């Protein structure tokens, strides 16, 4: 039976830190489902459909990656899909605290789903979707932080380029 | 003179982590005042009166617990009540940072009020009011995280159950 | 060539922790530019002009301090001003995490600008603009946390004092 | 090709926290190599052979676990065995800091070996080999912290029981 | 029944941080037992008897403080003395991590003994026994960090003064 | 008056993380004194004279760097040299905790000496003298972590290479 990992988040937008993590996990799982959470309370910059397109673009047609969306609880989605491994990136201690509490809650709700953590490449330590949006908003150069299609989409959103 | 401890918060709603902490403190103080802060800026899920009722229900009629509400500064309420001990739970490092700064500020404002920290039961490490609300909102099972009356109140609020 | 340091923030309002840091940096730089960031997304308590006036008052006419404002990215402002050193205060671990990521992003955007950290006086460990606002809002005494002009401005804003 | 994970450490002695982690990883890998590091500078309580026997006992004859020993660098052992995944447990922030630096160094030395982190069961949060030795040394009860064979071996070492 | 708190450690030597914590706890307990742990593995600077004398001197004859020594496990000593509250100081995150794990282990070994944490005075944030020894060893001034009798004892030990 | 910064440590041996930090500080100070602490309690791998030679080699004859040694307290050395700025690198939270306490103690002992922190290059996040020794000891490749002269010296010490 193939091993499938679930990588969920807002991906608003997907960054090089995210794609690095997906590629790393493909070294030990057969497929990765990248799933956009649709029920985040904050107002996103990109619509769900845009985010999914940008994920597909950033993953460059990798056949072992599926791009999906989900509402509700992560563990309910995992169960419905028959996925038993959730992957998460850890860049910093503050990441760790939040991730630790979420992983424990998810284990409480679905003991059969295991959360597994990886460290993204050092070059992406400072790359988060919110910082990328902030830099792009003021016309800063994000071309080494995100895929070219994402950079172009950010320029269109903020109207400061191309 | 009886020792009285003050345990303040939003309690939106009270969880098993909160009740665990109150019971632990009753081992070394005579009474605990559980006080709902009414001036939090965020929009609460439950009204102050509802939160107080749920606290009473969750504490199961323990005669040494008083449920109260307060506006303004915690230390002003403590002083008005003649209380000199504030209890707080510590679950994680990020808790600690915030609690540390608050405790120092409260000591600056009212040196005679001492903040005392305890570690809640391990089984409640992952239980916070906000995570409980999130799980309940999507129909997840919170029956082992909160008192049955709180679980029922959450179901009524979110309209996803009995 | 004189050494100039940039100290940027919301300063809503400036506290004794901020002024302590500026005075400490004047021991090893020739001038400090204190710059109010005008594009923070949150609704500030004080207008930009008020914040700049309070900074000037709190710095007590120190001739080696310039008070400025800026929009956009910090590193763009630094570059435009020809400043190559950014100073930041570190009080706690959670500070460190955020500052670390910001410093790395700024280095990515402008490698010639170095971020340098200092520890403010212990007496200001618990002093942040947001806590000062919270205390002042409920009529607490902030006279040992901020400059007298700032304390007076807070009383005027919240209408709870002379 | 089967997925093999490497779980290395001193295991002086193996605790329920260690066995919990191995069982969790068997959910998504085919085999786990548990490897005793023989070159730790500290004087161990148990000889390498004893530690390996206790690991075998604690794993209860699980056929998908191999118990091994190694000297030198972890990544050299992984390479010699053709293993590309190292698993580690994360219990606390201080764990994370050290693990983070080690994982980065190992990635530098062997980019093809990925370090993957998991959270052990909450009931084992407080269980470390050193704390277990400390408790056992003074005759404390470790029967719920380690396998019965390990508890017996500790009693023999410290001469305070059975 | 009087409330008694146990404050245990190496006290090699007692610092102003320790005495501050004892005085703070006397605000809500009737007596504090300050207990020197005699089985620390490291070679201490002061003998147990010396450490106990310096504690008595530093506490200035406070009648509600008992100075004791103990070997073995802290919880065994607490049980033998009928004490159900252990007090600890928290100065920093690294303190917290260690203290958290110890408190959980002690709760596991003796569920009826509660660990309670307090924050010492800001002026003692940088004061630890090991740093005090280091400063004193090289003739630095420790007179504001420890009791005069402790300062004198350090000078005698290191032969660099009086 | 030229600005001079003091950078002190064991440097056993100097790594690329250290040299990166010295070069960064030369952007805002006129000279850096790199000082080997001779009174560390642990048994060093390299003698003081060797460590000083390797520092000189690693700094490549930079004329604005002085290599020195000192015993006793750092602040006493700084005072004797008339230096008022100490520079330190921050790589991680655990670094921060220790550095914070040391900086506060040094401020207590010598208020006129300011400690200033910088973040070394990301590529050196995982590089510490102790990890470098560990890797070199088992024949691992350290050529991208230290200066070629240091790599050669390590090979000679451990007898595992040309």
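By letter and in written order, the chains are A, B, C, D, E and F; residue numbering begins at 1 in each of them.
Following the convention adopted for this analysis, a residue touches a chain if its C-beta (ideal position, glycine included) is under 8 Å from a C-beta of that chain, and two chains touch if they have at least 3 such contacts.
Because the structure is a prediction, the values reported are computed rather than measured.
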Checklist entry - Going by the stated contact rule, which chains contact subunit D and subunit F alike? => result A, E
Next on the checklist: Which chain has its C-alpha centroid farthest away from the centroid of subunit E?
Outcome noted: A
Item to check | Interface residue identity across copies subunit A, subunit C - same or different by half | outcome: different
Next on the checklist: Matching over half of the contact pairs by residue number, can you pick out the copy of the D-F interface from E-F, B-E or A-F?
Outcome noted: E-F
Next on the checklist: On C-alpha atoms alone, could you tell me the rotation angle mapping subunit B onto subunit E? Nearest 5 degrees is fine.
Outcome noted: 180
Checklist entry - When the centre of a chain is set as the mean of its C-alpha atoms, what distance in Å lies between subunit A and subunit D? => result 31
Next on the checklist: How many angstrom lie between the centres of subunit C and subunit E, each centre taken as the mean Cα position?
Outcome noted: 38
Next on the checklist: I'd like to verify one number: the distance from the centre of subunit B to the centre of subunit F, where each centre is the average of its C-alpha atoms, in whole angstrom.
Outcome noted: 48
Checklist entry - Multi-chain contacts in subunit F: which residues touch at least two other chains? => result 93-94, 97, 100, 104, 122, 125
Checklist entry - Tell me, which pairs of chains are in touch? => result A-B, A-C, A-D, A-F, B-C, B-D, B-E, C-E, C-F, D-E, D-F, E-F
Item to check | Touching residues on subunit F, where the partner in the complex is subunit C | outcome: 3, 24, 27-29, 84-85, 90, 93, 96-97, 100, 103-104, 107, 112, 114-119, 122
Checklist entry - Touching subunit B in the complex: which residues of subunit D? => result 93, 122-123, 125
Next on the checklist: If we count contacts the way the header does, which residues on subunit A are in touch with subunit B in the complex?
Outcome noted: 39, 71-73, 75-76, 93-94, 97-98, 100-102, 104-105, 108-109
Item to check | Complex contact set, residues of subunit B against subunit A | outcome: 91-94, 125-128, 131, 135, 138-141, 144-145
